[in-house]
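Listed after this line are the structures, all set down as structure tokens.
Look for chain A in each of the two complexes below; its partner is chain B in the first and chain C in the second.
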Partner chain A sequence: MDKLIIKIADDYTTIPGVREEIEGDFPGEEFLEKILLPKFKQAIRENKKLIIDLDGTAGYATSFLEAAFGGLAREYMDAKIILNNLEFKSDDDPFLEDDITGYIKEANDK
Partner chain B sequence: MIRYVISVILIIAGVVIGMGLHHYYPLFIFEDKIDIVGLATLVVTIFLAVYIPIFLERNMHNKRSEKDVIIRKIEGLQSTIRAINYTVAECVQKQTVSSSNNYHLLRLFTTVSNELDTIITLADYSEKDRFKDDFAEIKNFRFQYRKMVTGGDFQKKGFKYSILDKKEEEKIYHRFDKSLCVLIFKVNGL
Partner chain C sequence: MKKLYSTSKFKKRNTKRAKDRLKQQLLSKEKAKAKRCVMNGVPVAEKRERRNISRFESLKAPHNFSFVENTVAILDYLETIKSHINRRKPILINLKEITNLTNDAIVLLLSVVKNPAITKGVQIKGNYPRDEKLCKIFQESGVFGANGQNDEPKNYILTRQNKKAEGGIANELIKRATKIVFGQEARCPGVYRALMESMANTCYHAKPQQIGHETWWLTVYHDKALNKVSFAFIDLGIGIFKSSKMSGFRDKLSSFFGITDNRDVLKEIIQGRKMSSTKIPYRGKGLPNIYKGLERNYYSNLKIISNDVKADLSEDKYEKLPKEFNGTFLYWELNNSNRWTS
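Right, the complex of A and B next:
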């Protein structure tokens, strides 16, 4: 299966911020709308995996990750489709993938 | 190789000295018959003399070294979460989360993840699956602690931790720290 790649440090920012745009710079919601969601739709359309490269940033707050990846799961109302089509690369923080998977699974419980 | 040569030389020297003493100074009388109990005692004595220093002590020494490395790493993780606890306390005291404290906290959580990953790798290498339940609990505390400290409005301009946030943070911090103390005890008891 072919792959599409988003490297957050190159394609968005090295200093990911908060949840919403009104709260500060580089929020998770903006990342979701401008980068993650369009690329994810493209991946689904073209039957490709979407690789998210999380390395190279100053670090992620829970609110950013929840807004971006939890938001993606809320958009599709289904965690399975998200988890089946996303892959993560995170050498900087070995548990980031677990955390994001948790946010995706919990997204539609709220 | 030198050890083997020295051993052979010592055995030969022992045999030669024994034969010499027997021939020139016949102080000892040797029985022609072999006592089965005496033979068994000799075999057991030689076995213990070789087994204890060579295999048992070496194995115990290696195990102790492995335990020490794992315990040192767990203590390192404890000091990292303590640094998070102090930084949050500082933020509460100053009624603000400065930009430097903000990134300091994010970096500390990255360090927590890497330190925990190292501990799990070392423990698996040493005692596979023995601490599975403990690690599941510790991973859960790491997740909860990160969510507590960097969740909500963290990184929002003007964000500050409330007294109730600090109370909740303290609660998770102490549970996390306690689970690491228990892990040290369990590793030490291996």
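Right, the complex of A and C next:
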């Protein structure tokens, strides 16, 4: 299966912000809207895996990750389709992948 | 008729009065001379400053000037400062006698004296600790002067303030901290996360009706002797528990689980069992994740003080404060046993 790649440090910023623009620069909602969602739609369309390379940034706030990846799951109203089509690379922070998977799974909890 | 001033009674009284006046004059001269001796060699500007300061009400700071170690005394001191401000009395923050000083108390003092909403135009001055080491720390903190953003390379205490979550500031402070602790500029994803979450909490929760209106303050201090860097973060918003209260979360805890004590509420929050005060289910992960950072060894010695609770999360100790702190305070340390990435 072919792959598409988003390297957040190169394609967006090395200093990710929090959830919304009102709280500061480089928010998760903006990343979702401008980068993650279009690329994910492309991956689905072209039947490719989307690799998210999380390395190279200063770190991630929980609210950034939740807004971006939880937001993606809310967009599709389904965690499975997201988890089946996303792959993560995170050598800098070994806990990130599990954290993000949790946010995706909990995104549509009422 | 005999003239009045030639009577013996008048002469006697007049002589006594003259003697008394002479005595008084000599005494005044002596006092003025002594005062001149003390001020001899003191520059004119300093003489003027001393005269100026004498108008201020001197408020002696607690000897142990540490918010983390001496929380109640520091809260008492802040209350005294605020009550003088309310009476519109100029204040001298008198730190001469302090014997211990930590950056958490500095950041707290900064958040008060640099906040126009609190100082209300009342003049506030301060003196520096007599102890040379403490004096240096305090001078470099910029509490009574510029706020330390210039000539930074020689500073070992750094102060920042803002209203939003600033990744650039977090990144810069981490780079400096890691250079000190690990001997090279590095990244600490856990510290970055804790800083960003703290800033975002201030932005969103400190004043729920006004997003982005409350200022956060942060100091980073390098303890050379112990080779550790401590981060002290503060906002003077409504505090964690008043924020939770607003969402009715406390009422739910109380009615379902009988939890009324804020110490137990905090335990619920950091375990992630709480719905955020924003009432949106997927929010409210900030504090639980700051706690996770401690469990994952991203930093050590995590402490939280808010409203009537003081928690040492590293020791699992929760203390009820007899005095309320209106705001949220977070403290943690980075040392060379913590996790980092190059």
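Basically, the second predicted complex is superposed on the first by the 109 of 110 C-alpha atoms of A that agree within 3 Å, B and C clash if a C-alpha of one lies under 4 Å from a C-alpha of the other, contacts with A are read in each partner's own complex, and residues count from 1 in each chain.
Here is the rule we go by: a contact is a pair of C-beta atoms (placed from the backbone, for glycine too) under 8 Å apart; a residue touches a chain by one contact, two chains touch by 3 or more.
Predicted model, so just to flag it, every value in this text is computed and none were measured.
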First (chain B), second (chain C), both or neither touched by A:Glu66: both
Partner chain(s) touched by A:Phe40 [first = chain B, second = chain C, both, neither]: neither
Partner chain(s) touched by A:Ala58 [first = chain B, second = chain C, both, neither]: both
Partner chain in contact with A:Ala107 - chain B first, chain C second, else both or neither: second
Partner chain in contact with A:Thr13 - chain B first, chain C second, else both or neither: second
First (chain B), second (chain C), both or neither touched by A:Phe31: neither
Partner chain in contact with A:Asp93 - chain B first, chain C second, else both or neither: both
Which partner, chain B or chain C, touches more chain A residues: C
Touching both chain B and chain C, residues of chain A: 17-19, 23-24, 58-64, 66, 92-93, 95-96, 99
Touching residues (chain side chain A, partner chain C) in the complex: 13-19, 22-26, 57-64, 66, 70, 74, 92-93, 95-96, 99, 103, 106-107, 109-110
Complex contacts: residues of chain C adjacent to chain A: 164-168, 170-171, 174, 187-193, 196-197, 199-200, 203-204, 211-212, 281-283, 285-286, 289, 292, 296, 341
In the complex, chain A residues that touch chain B: 17-19, 23-24, 58-64, 66, 92-96, 98-99, 102
Residue ranges of chain B in contact with chain A within the complex: 103, 106-107, 109-110, 113-114, 116-117, 139, 142-143, 146-147, 150-157
